[in-house]
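Order as written gives the chain letters A, B, C and D; numbering starts at 1 within each chain.
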Amino acid sequence: MEGPMVSSAPAETAEADRVPAGQSPERVGMFFDAVLAIAITLLVLEIKRPEGEEARHLLRFMADNWSGFLDYFIAFSMLWVVWRSHHKLLDRVERLRGTAMFLHMPLLLFAAFLPYPTGLLGTDDTQPVAITFFAGTWAVIVFLEALVAVSVRRMGLLRDEHNSREVAAEEPTLFLVSGYFALTAVAAWWVPDIEWAWLATPILVRAGDRLGRVWARRR
Amino acid sequence: MEGPMVSSAPAETAEADRVPAGQSPERVGMFFDAVLAIAITLLVLEIKRPEGEEARHLLRFMADNWSGFLDYFIAFSMLWVVWRSHHKLLDRVERLRGTAMFLHMPLLLFAAFLPYPTGLLGTDDTQPVAITFFAGTWAVIVFLEALVAVSVRRMGLLRDEHNSREVAAEEPTLFLVSGYFALTAVAAWWVPDIEWAWLATPILVRAGDRLGRVWARRR
Amino acid sequence: MEGPMVSSAPAETAEADRVPAGQSPERVGMFFDAVLAIAITLLVLEIKRPEGEEARHLLRFMADNWSGFLDYFIAFSMLWVVWRSHHKLLDRVERLRGTAMFLHMPLLLFAAFLPYPTGLLGTDDTQPVAITFFAGTWAVIVFLEALVAVSVRRMGLLRDEHNSREVAAEEPTLFLVSGYFALTAVAAWWVPDIEWAWLATPILVRAGDRLGRVWARRR
Amino acid sequence: MEGPMVSSAPAETAEADRVPAGQSPERVGMFFDAVLAIAITLLVLEIKRPEGEEARHLLRFMADNWSGFLDYFIAFSMLWVVWRSHHKLLDRVERLRGTAMFLHMPLLLFAAFLPYPTGLLGTDDTQPVAITFFAGTWAVIVFLEALVAVSVRRMGLLRDEHNSREVAAEEPTLFLVSGYFALTAVAAWWVPDIEWAWLATPILVRAGDRLGRVWARRR
């Protein structure tokens, strides 16, 4: 039974040397997609549903609980941004190993955790604890995504120099967004309607992108 | 550590130029599949289940709640049509970028949202609000799918001229179905049993396909 | 913008002709995997959990509700068989179209529906309605899987003659298992402990495989 | 209709002989990823949520239920280790058949079952039954993963001799971790705070890796 294993062509061994077992970015992408897709779809289960009497006055119920729809929109958009950013990054990567691979564990741990703080926000979004918890989880997710980008670039796992420059140009956006969410997590204890500040994220993304491109040219 | 990045073969760079990072349709398809698969499977959780006393008279319970099974059937079939349409489209696409990529965000946002209006419908399908909400969500999903098709074609992201003509021929169906659901969303406030009208969707799909082919020939 | 679409290499068009858009078995397999994976994982949510007082006497609670674990085991094993059978089939298929593609819709509709009858069985497995519902859903799923195999073979969508013979040899098993479950669905109204009969499925699979190989040789 | 099936090129048949239908590791990896991704994401639903009065004092509620977060962390980390180990293994595998394929059924059955014992632990983690159930499920999952590795290696399904040695070097870790969890499952009846012992798993993984490498050199 051991026979066919020895007869490996040298070409195959050469290929195996280039991307060793367990470092192929494809399957990491697949697992990442699956976890994010589930987390993003579980968000809908966190929107409050009418119970008992409330079902008779659906319009009023939805008017009273509109903030649940806003939370769904914000959490969904943010997860989309994280997915897009990871999609771009992995397309540039040749293989994943060491820190760059390991960082995916806490990244997915917090991404999969997201429905919990989103649900908490839906229960009572006037409490700073709920808002801090939600914004804090986001700050951590985006920060870990930024760390993945940095480690992938520093470890020389990207396809070429061009891709390295592109990734470097995208890092400021991630650090900026992460810091912004960390800031709102703290501000929540003094500003009650801080939720609205999250809607400014697209502006931050734009600003970060421009900043990143300027920095990239200077290097 | 930066060494191996510079030694990229020119052939690889050429390939990277053709489909830049983050524009590969494969991973978009994978994420789309995952989100739709989860949304389509969560639908079953929206069918009412017997509680307490009801469990003793299962047959009567199911006879009383048969509309939940109809809703499941309709929502499942529609999501299948959306998935099939997207499968066909992506097979024709070379890469995705700009508007064509961005439109996937609201498309998936509304597709993942579907279990909510389906659940609402299950709670009380005699109220126009529930029906409007369900039909409205559908109208938006199919409309966004149509917009993806149009933008992909207009941005020249398809593989060749043949595929471009084929996509153009499929667009009328999507706009027709979207408009039809928008119509029932409004009609729900006057016609109580409008749900049945949704079962006519296959006829609309057929009509749209024929219309699309006729138009395609004339161009 | 329409420029680059015309410049398609003839080689690419040739390949596109062989497997037209929307007929690639890969993405069907991906969607099938995702739906089945979710259905198979949702089954665990149907196992009864201790509530209130019951939590204090976990051992007794689990002894009282052991049939929930049996149901999980049966439903999981069956879905695994369906997945394996589909995995084998799709590996033999070149492309999917017409009836062979369309049949995946009801197949996935019933597979995704499975958590409902499994949950019903968990609520009260002494009622024939629950058992009939569960066994009936299974009979339909396996019957549709058999229909997919037959249509794929009859439509000449398989890779070659060898694969065609192999698929033909696997069909009897699927029809046998489907018929057996339909039988237990009816028998449930007279035999109360019919659930145990499902454990005989592996024997049926073996018998069907042998029967199929004998028939295949005679043709 | 049977015509095109006969005209298969000999090259294709040769390739089909190497990896027969239903033995391609790619789709097994895809299904494995999907099931694990769902199981890992369902874990978050097992963390207790504030109800009624508790929602007003979120900070106190979370302080009282912090062990739910610890359970989430432990279960998530363990599933990540199982996924990583399987990712590595499958990258070395050429094809899967017989026992090596069949063992994936109980492996996924127990992996998909995990949210149940995690939920049980969340309900009442002072009872040895809950801890035994959780640790026992883990011992079985990791033991089955080890069996998959052993059977894949013994059946000669790996790409070459180098990969065979690598897999052999990874087996001790799996057996060690499995045995450790089985031990805590038993110890739970005498040691109440045995949960903390699970946090030592990373040390075990390190020790197992070193042991495996030493053994591999001696052979």
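Everything below uses one rule, namely that a residue touches a chain if its C-beta (ideal position, glycine included) is under 8 Å from a C-beta of that chain, and two chains touch if they have at least 3 such contacts.
Computed from a prediction, not measured in an experiment: that's the story for all the values here.
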Rotation in the CA alignment of chain C with chain D, degrees, nearest 5: 90
Shared interface numbering between chain B and chain A [over half = same, under half = different]: different
Maximum centroid distance from chain D, chain identifier (CA atoms): B
Centre distance in Å when chain A and chain B are each reduced to the mean of their C-alpha atoms: 24
Mean-CA-position distance for chain C and chain A (Å): 34
Touching two or more other chains - residue numbers and ranges from chain B: 30, 34, 37-38
Contact footprint of chain C on chain B as seen in their complex: 29-30, 33-34, 36-38, 40-41, 43-45, 47, 49-50, 55-56, 58-59, 62, 72-73, 76-77, 80, 83-84, 87-92, 154-156, 158-164, 166
Residue ranges of chain B in contact with chain A within the complex: 1-6, 8, 12-13, 16, 20-24, 27-28, 30-31, 34-35, 37-39, 42, 101, 105, 108-109, 112-116, 119-120, 123-124, 127, 129-130, 133
